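Right, I'll just put the structure down here and ask away after.
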């Protein structure tokens, strides 16, 4: 079972080895060694980080590296498109080969180190069957085997299947993102969607103000409905999709725009056509990796939207306020132990209003009481996963260390007093907090799980 | 010394128990026009199919344009046919619902990519610059055969094979087609192997070989 | 020095400059987003206050302007090839340049008929044969570049220089202006919109007494006053109220409250007392819009500490009295919260929108139906040089170009036989 969980990371690494070797065929042997070594280094560094920086830091670091690689690829994709739309034919000065001499090992090593770290992340959880040292040894062996397999199997691929420079990086980045999408704490698509939603909202708002467009008061509801689409969660998802897929499409378009070779100097039509046909065929072949990358990215987005993780999500226990308005949660009672580090959900009914909140002990050793909702999303609530809680609505992960702090998609903290017997919360405070934050974000619960 | 376009040694072809071509040694020089004569079933079409890469020999060696055809893979053989050989059939085999220029472009398509300007030029070379948009049904037999010639030469073959190309034509058209082939050969310097029943047609070649029951029985050099 | 200027020109007129600058700001946005939720506003604020960032933004319109010049020069160079025989073609302008050494040297004029059959117009310019078809996209490119110029110049001006002053325009009061001489707002009219976009139309009618004479301000496009755009934001009620309670002597105040649309609440703190009053404009039963009719029926909630002590309704010009409490509203008028926006960048951004729209509408049919294709054949001693370029349908154009080159290289008798 655990081996099956590790498969996506290993598949991604094998793919990276194959893509890099195909992308830089003139440096196959040293690159294969670099890729194998890089995987080992990445895994070792990740284990070092897990050991010395408990908490979310190692994951944040790895996620930042993967995210940065994606944005770097964005830049490369735009550059590729820019260059392909120039009139000039491919540079024959040898500059590109000098650039390759640097780029090839950097891409190979960088990708392999990240892939190794991603694979090591699988061994960070409590369900890992091996300790760090045997796990590292296992990963070193697997890395070497997969690099060797990549080296031999890549050679078996059809010779005509070539890949552009940008396509190589794209393939590598897509595999890294696919690999990370299988680790909920490293997921990038959901946070990207959230950022896009916020960015789009801000941009539209700023744009309308800057060109003095009238407010909704004066605009027909139907028209405002269209504008309203730009403020919705769907914009986050679709905008995220656009950002997610566009660089790969840009690379594909860049390949499509590559100038065909000049054949005007050849005086035999058949010869000219043969050269053109070969160039067109090569161009088509170069499309394969970017298009496959799109499929991988779709897989990553799907994994992000429907993560295969079971969250700890207990049924809320009904509680009531005493005549003085005090809600008391005992430290231990029934099956509940507030100090077990788990999420404990409660439901307070005050008249027609219902307030869902939870109590938990954070890794910093402090109890926290929070609404089972944030100030941004619809109140679908939170589930607890490895080292974090997740907002079911927007899939944002909140590290356990920051639960209890206000802002963003964090659960809304509620004031409480901690006594030896348990936790005391003012019922009015709870109801007011729910009314002022959650009611304003709207409406009814939507199925997010 | 130039390599012969066609070189065979002990070339045979059998279909089951039937031996269509018995061991044949033959050389055709680059740019030569070879006429192959014989009765029906004498093995001349078998020979043409073998040198055109349409069929594989049963034995012996066959080298065309320096390539050992029996060693080529199916892909290699298909590439050889696409790039090295042009064939003209007695029955034209033109696509009836395509225009003359489109028929020529079809051949370009299977070779590489279509190029209408070049196809038009090829039809002009065979004297059909004014019939580009006509479909085969709107052309005379001689004109159709000229479209076939344009189609056969469009990919600049080194070897042009003709299987009774004038078999369905009247005398005037026959002369016109053969005259055209002669001109084109002079310009493009391809080798011609032309299978025919007709002595008069065979006489347009540099050399004639006679096959009978799969055996080369006679050879006649008309001009060097 | 000349070399430096050349490098500078190459950089400023480079196609890469705009994507690089936009990429820079995009990266800056991502970095800022790590630290704050309000990344865009922070970035705009930083750009507005930093001269250096302002200069980076300024590279965008500068780049567009330089590219317009470069495009115009290229276009002129291309045109001269068609008209002036002495103009030497610039290889950088062409997709393919091919030199041939035919024997015998052909007469280029013979090919005009063949080119005409392929749809090309042609002309002998001196000893040179020029052939072309389709419409050049260069003017459309200039339109796009002009749009880019306007957009980024507008953004630059907006970000660096926008001054916004929020004012309340009240019916019957002088229009608030910098000089204090704006004339009296005679009437504020809210009526149903007639177009497909605006639901309501707002007309602020100012009397002749003030500076600028009688005038009207609408919603869109916004009117100009003292060089600032008048940008109505929200509607509300300007009113005077008088309140007294058993434990409070008469309290009188004039306020402006954002009470539109009906149902929206606004709370007024009675400073120095434990009272606050929440007002709401009630929705008339006949369904009319109180802002349109000017008849405001104000619901109120009197709160003392945390308790609601009284609720009721007062029409504009009326009063409410109960249990020793009295609330009178002698005057309630229409009010518009308005931003005076001094920002000429807006005009440029509007222009950018028009130019982009025009550019796309022109580009699409030109590119799809008749892209520009050109070829030149220039004799050079005994040899011939062929030059070709296209802005679309390149493969077909190249085929015709190659056909002519083939005919130049191998003159054939059949070559002149063209289907008419």
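Which chain is which? They are A, B and C, in the order written, and residues in each are numbered from 1.
To be clear about the criterion, a residue touches a chain if its C-beta (ideal position, glycine included) is under 8 Å from a C-beta of that chain, and two chains touch if they have at least 3 such contacts.
All of these numbers come straight from a predicted model, not from anything done at the bench.
A.B. asks: Mind listing the touching groups among the other chains when chain B isn't counted?
C.D. replies: one piece
A.B. asks: Which pairing of chains accounts for the highest number of C-beta contacts?
C.D. replies: A-C
A.B. asks: By mean C-alpha position, what chain is farthest away from chain B?
C.D. replies: Comparing chain centres, C lies farthest from chain B.
A.B. asks: So how far apart, in whole Å, are chain A and chain C when each is placed at the average of its C-alpha atoms?
C.D. replies: One centre to the other, that is 34 Å.
A.B. asks: With chain centres defined as C-alpha means, what is the inter-centre distance between chain A and chain B in Å?
C.D. replies: 63
A.B. asks: Suppose each chain is reduced to the average of its Cα coordinates; what separation in Å results between chain B and chain C?
C.D. replies: 67
A.B. asks: When you check chain A against every other chain, which residues touch at least two of them?
C.D. replies: Residue numbers touching two or more other chains: 269, 272, 276.
A.B. asks: Which parts of chain C, given as residue numbers and ranges, touch two or more other chains?
C.D. replies: Counting only residues that touch two or more other chains, chain C contributes 395, 402, 406, 410.
A.B. asks: Listing for chain B: what residues touch at least two other chains?
C.D. replies: 113, 115, 118, 121
A.B. asks: Give the list of chain B residues in touch with chain A in this complex.
C.D. replies: Residues in contact with chain A: 83, 108, 111-113, 115, 118, 121, 154-156.
A.B. asks: How about chain C: which of its residues touch chain A in the complex?
C.D. replies: 15-16, 19, 23, 27, 29-30, 33, 37-41, 44, 92, 95-99, 155, 158, 162, 193, 196-202, 219-222, 229, 231-235, 260-261, 341, 343, 345-346, 349-350, 386, 388, 395, 398, 401-402, 405-406, 409-410
A.B. asks: Can you name the residues of chain A that touch chain C in the complex?
C.D. replies: Interface residues on chain A, with respect to chain C: 71, 75, 78, 82, 86-87, 195, 198-199, 202-203, 206, 210-215, 217-221, 223, 259-260, 262-265, 267, 269, 272, 276, 407-408.
A.B. asks: For a test of understanding, state which residues of chain C touch chain B in their complex under the given definition.
C.D. replies: Interface residues on the chain C side: 118, 395-396, 399-400, 402-403, 406-407, 410, 412, 414-415, 417-420.
A.B. asks: Touching residues of chain A toward chain B in the complex: what are they?
C.D. replies: 268-274, 276-278, 280
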